[in-house]
């Protein structure tokens, strides 16, 4: 109805498709070389969406966010109650999902997710982020993330099960993890905070550990392509679930806005911690939601 | 509210997490070895969800299916109109997605998607697929798909831009592609049908090319782990958008139900066709939607 | 998160609640006096929202609009398949509705639905209509509509089953209906166009009959409080489903924007036509959707 | 796709449309005669659906229920950011609503909402309530409710601002209200509980006052057509938000299931309490959601 509607040709042409050039071809080949055991780990929490049950509230999420809803539009119960099969006997189930990724599930942020002033990352006008979606810096522009994952298991370093709400991860912690970080690497940072959910929502909502501004800058200086964490905001949160840093030190501002480093949040890193591998092939492919501010993802570590 | 609600512990424990054992560890290592160029291709169509514009109707989909809806819950337009920034100046965009994957976008089917009689694949009771989701054979049980992709570019073989609506792909075609298929491989089958969308919805809805029953059996005998196609139903469709085969020859029955071979449909394979690579690392990580009948995916080929 | 979030007190206080002062108290009493037979008619089409069936496409709607989706989150089929009852034996069904009212079902427009320039009706700044909803002129400000309905059955006047797509209803038609219109009345205008849906969507989408600009002005001059029609846009539509009039003559501009006369569209008026009553008590109570641009309604005629 | 899809003709024919014969024609005429002042009151709470703000959590609701979501698909902010007007200058806003009525907002229950055993109200088979909606006893069968409202202001009777969580309303209270109840009347029962929301969610969730089983039977014996309350479940709730009564004494079982008396819950009755009118014209018109288990409503009292 408005002038902005895309036409089919826009995405059909190879040269216009979103691509996040995370790594040189050589680096992608090298990342594939990290596959030594042949084991595959999902780094995602489940999406639990039952509407008429408290189940969705039992998965870690930020307070007040709209939880996923999952609906079955035809299911085995219908056939048990007498619905006829299709044709000679075919039966099927079908469903729908309603999801707001930020704060509710494992997801990757688009570069349009946060900014200050009137410009997104790299000077794109913020006014192009409208109700029809982000015409600039949407998640459809990110492309699949394929590269070398490097793991910073901070609780293991400190000898604790998980960090505490007020813990901040600085350059010293990152250095002490002894990881050889190369440009283009995917930095996977564990706080262990999702484990706190087992003590109830109030414990989880009491604040969150995360990177300090200096920690964020340390990663940015090493030119990582993506920072992925198991906390909700990469940086820490206070008990009101807000970042405490000023604008200059805000982790989203440092990484996403100034450096164009994508963020992935709310990962599940417990099996990876058990595996204790510091490098691996990391793949995360955000859904190509045109103009999306994020996508739910199921990131994969291939060990 | 009902007895079926899962608790957090169910997914937290490593040994209960969904895993699709597609391949032996050795085979995963071998698949990673297919990465020779270091190029990454997305094999997904875009998800175009604007509600107040005809944009969503411009992406290939089956007639009558509910199209994705994408909503911005705060965006740059709000700030242009005077919304105050957060704290010292942080601005953000946020959004929500409503999606029914089957027939509307690139997705992977769960094993619970189709069956006959009272049992799902492997004898699981179909009555466990209820409104709260599939307690058996849901997409959360599939786990990430990581393996060696093998490409059957049938239009290239036949020297056409795309197959026609009544074309069926049989064992001869698959043989003629000259692909060395190994157990656990991901078979990626191109028909070129999405290109027909450029001629309008009616052309796309006139039917669809796809695998014949014999073609499906040929793949099943080779023990592939996943069959991925750029058409909407792996098998062909008639002008009413239904499969013509009887129950014994239905492609979903052969592959999904009898053999437990997952299906991925509505991929975008045009760049892969240009690349003309017959083997590559294939990664598709369905969202861990508990009890889901499918997940939208952004499959990745690493060349 | 932003500054605009309402607090509970805003709607709790009696003097701040939305009220559409349609009529003087005396006129409401007089409208109640139109109840002579004691018969109640619903003037609404059904909301048909099944997702995994073509059912929703079988109800009149404008082409390309997202159709309603209705999901059962627990139902009788689940119990048939073995779900346990609550406590000593209570069973329940529960559901959810996704609805975009404009163009898909019987609804009432808010005053914020259309405007020109930078101001809504009555000079309210259009910039207050943002992603969190319309802070000005939202449907929550309309309040229930209770008044005297007056019926213009134009097909009956012209001796046809329904008007044709290019028919426009002018002052002469309205005059000829012989209705005694008083200030505050609800003008209910029948075209019969929903009957055309029986001939298929293409027939319905070929255009639509409706009020001419002069017809709209005739009603505005008589100071009606609401114009309700069984067509999709009060005015007529061409075959591209757009209004043909210039801005000055656009029916939404004349009625909604300049005069603040609410509009209700896509009513079902066939039983009212059979009843052949020209005045009655009309009640339509839009849902109090804060900041909504419309609400689905089930308007009632009490004869 | 399945055999149950309705066709358009089903609702088109006048004699098949849902109608709740609440009252004889004489009684509807008499109800209209209750309009003496000409004042109209909305008895609904607002639907507050902003997604990226905590606003929705600030309206009374039961814990754990999915709150409404309201999305603007085009708004004034877009135009402020540069979106072009349509044609010569038309601008518009459009939106969508996702709503699960039970426990989240003012709504009316369908007769299919609760049952015991295998039969709904009046012996309808519960197995006809499936994923496509309730084929029996859906909210589309209820029809508009138009009748004489009678008001039981129990807090006023007891001289308190609102009842306490453990208070139950029995026959004595109802008798003491001094209301002349006639067959077909709509019983509107005030507890004042929504006022407790001002003290925070935990206060509201500590339990709820409501009708006792004997109170419910007292109303059923008087053959009311609808019981409407400002609490969440007509009966009381304990601190786990469940009814404490056994199956025989459960208020939904007594009223909805055994007697076919519809229920409306979560009304806002504070202005009506101030008005102190004991009889009035009551109108509530549930949306004609085919197969719905409930509908959000905006009930109206015309004084």
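What to note about this one:
Which chain is which? They are A, B, C and D, in the order written, and residues in each are numbered from 1.
Methods note: a contact is a pair of C-beta atoms (placed from the backbone, for glycine too) under 8 Å apart; a residue touches a chain by one contact, two chains touch by 3 or more.
The structure displayed is predicted, hence computed values, not measured ones.
Counting hops only between chains that touch, subunit B reaches subunit C in a minimum of 1. Here C-D and A-D were compared by C-beta pairs in contact; the pair with more is C-D. When the CA atoms of subunit A are superposed on subunit B, the rotation angle comes to 180 degrees (nearest 5). For the pair subunit C and subunit D, the distance between mean C-alpha positions equals 21 Å. Taking each chain's centre as the mean of its C-alpha atoms, subunit A lies 40 Å from subunit D. Residue positions of subunit A touching 2 or more other chains: 1-2, 4, 50-54, 66, 69, 71-83, 92, 94, 96, 98, 100, 127-128, 130-132.
Those residues of subunit B that touch subunit D in the complex are listed here as 50-53, 69, 71-83, 92, 94, 96, 98, 131. Residue ranges on subunit A touching subunit B, taken from their complex, read 1-2, 4-9, 11-12, 14, 17-19, 23-29, 32-33, 35-40, 42, 44-50, 52-55, 58-59, 66, 70-73, 75-77, 79-80, 85, 87-102, 106, 112-118, 125-134, 140, 143-144, 146, 197-198, 242, 246-247, 250, 252-253, 270-271, 274, 281, 283-294, 296-300, 302.
Against subunit A, the residues of subunit D that register as touching in their complex are 1-4, 51, 54, 56-57, 64, 66-67, 69, 72-75, 77-78, 81-84, 86, 92, 98, 100, 127-128, 130-132.
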